[in-house]
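Each of the next two complexes has chain A plus one other chain: chain B in the first, chain C in the second.
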Partner chain A sequence: MARYYDFDDILMEEEPVSVVFRVAADGVGLLDPSSEDNNVEAGAKVDLPAWLAQELFQRQAVLVNLPTFYGQKLRKEIQADPGCVDLRSRCPYFYELGCKLSPITSDPTLGAFLLSTLRGRYKDLLCKSHSAAVAFTPQYMNLLTKEETQMLEAGRNSMKAFKKWRLQGARIERAAVLGRKRRQNT
Partner chain B sequence: MYGKKASQLCQELSRIEDDQLHPFNNDLFNQVLEESNEHFYQLESRMTKMHADGLDLQTTQNQDYYGGLIHHLSLLRNKRCLLTYIYQRTQNIQRLRWQLGAVLPEDIQERLNHFEKEYFKSYSDLIGSYMTSIDLDLVVDVTPPKDPYIQVRVMDDVGEVFLDDQSTSLLRNSIHLMKRTEAEPLISQGLLEEFAG
Partner chain C sequence: MASQDNQLLSLFSAAEVEFLAEDELINIVPSVRMDTLHMICGDYGPFRPQIPAQVPLWLGVALKKRGKCRIQPPDWMTVEKLTQVLEDEREAPREFQPLPFHYVEISRLLFDHSQDDISDFYLIRSLVEDVRDVRFHKVEKGLETLSGRTHAVKLKNLSAMEVNLIRPFIVKALESFYKHDSEDLVKQVDSERDSQLAAADRLPRRTLRPR
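Up next, the complex of A and B:
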């Protein structure tokens, strides 16, 4: 409930997850493109957004399959070199969605896999965020998930704040006032 | 897919930079409301059907129950997205009060809808009456000043103003040393610029 108003959380829950219905449901034909009447049969395999999949799982109405980007193929790629794998195109909320799905799927290794992925990519991320003055290669940014981009931004901002603090008070004052003025013009 | 339009609203929020404000997306907002109404009718019709069949709504779990459940969950989801959209915008509007003062520039006014303008006004009044009651202007000196005086350059012909209880003429490009608290609102309105010698 704490993240009720968090739009990142909302968008994360919009990611599609493949599920198998254990029960039949009437009047929701929109969910299953292959259904001919307006109903979903038991045993139908359907892609649902994560929010719906999770709620239905808790009521034992569906079985959840892990999305392919948590599968063996990508795990091998990440084992080979975590830093070079393009996670964004697979799922912009790779970690958050994984954490959400981890308790509702039968795969016990998912959590450990997510942790080792982040660990493998984190060092590189931290180095790049602190050398903010060096022009960023946009290619690298394109590989990052939303969570990683936020971490990178946080690292760069604290570096910026640190530099500002080192270059004495007068400059802080000037930037603060000018910053406010610029905001007004936008 | 259910909840798709509602998430588009939130997507719009996530694209916006921190200090920008887009016009209120009435069109999409109303579409989500319509979709929610539709979910509600569907849910209601499932429930009346179960009632007509003489089933106990609390315990039966047939296909009507699950159909209704999905509509119910979609309804809650839409509600969450709509509330988030409004909530995040009000947060931005509150920030505007601190950054720009009680009167908003024309172009920002246009991006607020009727209720948001009301909200801004009430919020501004609240802060105003609080600041009067404690007799302190909370908007100035957001960053602690090092010096009570600053040097400023005048950006535009302002004319005669009262500064520090005496009349001063602010001519374009002239440079003045004045009290920070007096300069700050004029700087944020774009009339003065801080002059770093």
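Up next, the complex of A and C:
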């Protein structure tokens, strides 16, 4: 269920997904750059945004293929070392898109694959988010998807706030107005 | 409420937790004569020189700042007690020692305002830091076991500041695990194992630390 006002959700639905048309569609030639007339033929392979693919799938007009970043190659990479795989460059909404596509594709292992990926990457996240607050790690940040980044930031921010509280000096700050010298009346 | 970016997740800022901790009672030894103070939260005093009295921490700190009393460090804030706690913490990797719920905040307030009232101040300060570090490391170790199908995490004897510190991360992590482990996403693959689990307990709890 899409959250209507969630900005990330909107962006995620823009991700292109390749679909195969099961029926011929007239008058929607702009979806298929390779079509010569204004129609899409049955069996044509077209990239559509996720939201459109989902709607068309529900009307049984298309078959949805999984994007390449859920394919065997990446699965093997993630199996080898989940923490080092660059998911952001592949799809910043890796998990969300996967959840969305999982019910409408024929691949039953997608859900389990997402979970095992998250599980594998979670440990790194945990240790980085609380201990490496001082040594900022930009390279690592570049590997993370949106969801993971939010998790990391949540941990890091609370750690930062705590350190600040522990080391700060005076707690009650003087208002700027009070510090001013009173003007002499004479 | 909190003045942080992530408003939904962190309910309290560190300063707010400290504010709550200031309601803890503490013993002071007044050095002046003063009548009973009538406060909204109760009456404190009367204060007689050298006769110990029990007041909230905020009042104690306020009096101390004006040089009207000495703050007696709480029972647990001694070198022997803290050394013992530190040892126990190190020896029991799966549970937390009972310390006051606000020990992080109390110790910080006392270290800031009544250094001269604490004997072995430097030693005690480093002991408290060590205890805190050991406990936090333990929390992290425990969180590593988090994976799918965790619906609740139980942490006994964890203090206010420690809970507040890990809350944003833990909430996020549990949320995403919960989302990805929902029935309709994973069930197609290992439906067998799932149904067994579901029969045993609909919502199994993972105990992070045993009682």
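The rule we apply is simple: the second predicted complex is superposed on the first by the 156 of 186 C-alpha atoms of A that agree within 3 Å, B and C clash if a C-alpha of one lies under 4 Å from a C-alpha of the other, contacts with A are read in each partner's own complex, and residues count from 1 in each chain.
Convention: a residue touches a chain if its C-beta (ideal position, glycine included) is under 8 Å from a C-beta of that chain, and two chains touch if they have at least 3 such contacts.
Source: prediction; values computed, not measured.
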Exercise for the section: Name the contact category of A:150: first (chain B only), second (chain C only), both, or neither. Expected result: second
Exercise for the section: Considering only the touch criterion stated at the top, classify A:112 as touching first (chain B), second (chain C), both, or neither. Expected result: second
Exercise for the section: Applying the touch criterion given at the start, work out whether A:23 contacts chain B, chain C, both or neither, answering first, second, both or neither. Expected result: first
Exercise for the section: Using the touch definition from the top, say if A:122 reaches chain B (first), chain C (second), both or neither. Expected result: second
Handout entry: Contacts on chain A seen with chain B and repeated with chain C across the two complexes
Key = none
Handout entry: Complex contacts: residues of chain B adjacent to chain A
Key = 1-4, 7, 10-11, 13-14, 19-20, 42, 45-46, 61, 63-64, 66-71, 73-74, 77, 80-81, 83-84, 87-88, 99-100, 105, 142-143, 145-146, 150, 184, 187-190, 193-194, 196
Completion exercise
Listed in rising order, chain C residues that touch chain A in their complex are 4-6, 9-10, 13-15, 18, 108, 136, 140, 143-144, 146-148, 161, 164-169, 171-173, 176-177, 179-181, 184-190
Fill in the blank from the handout: Per the touch rule above, chain A residues touching chain B in the complex are 4-8, 10-11, 14, 23-28, 30-31, 39, 49, 51-52, 55-56, 59, 61, 169-170, 172-174, 176-178, 180-181, 183-186
Handout entry: Interfacial residue positions of chain A with respect to chain C in the complex
Key = 95, 99, 102-103, 108-112, 114-115, 118-119, 122-123, 125-127, 129-131, 147, 150-151, 153-155, 157-159, 161-162, 164-166, 171
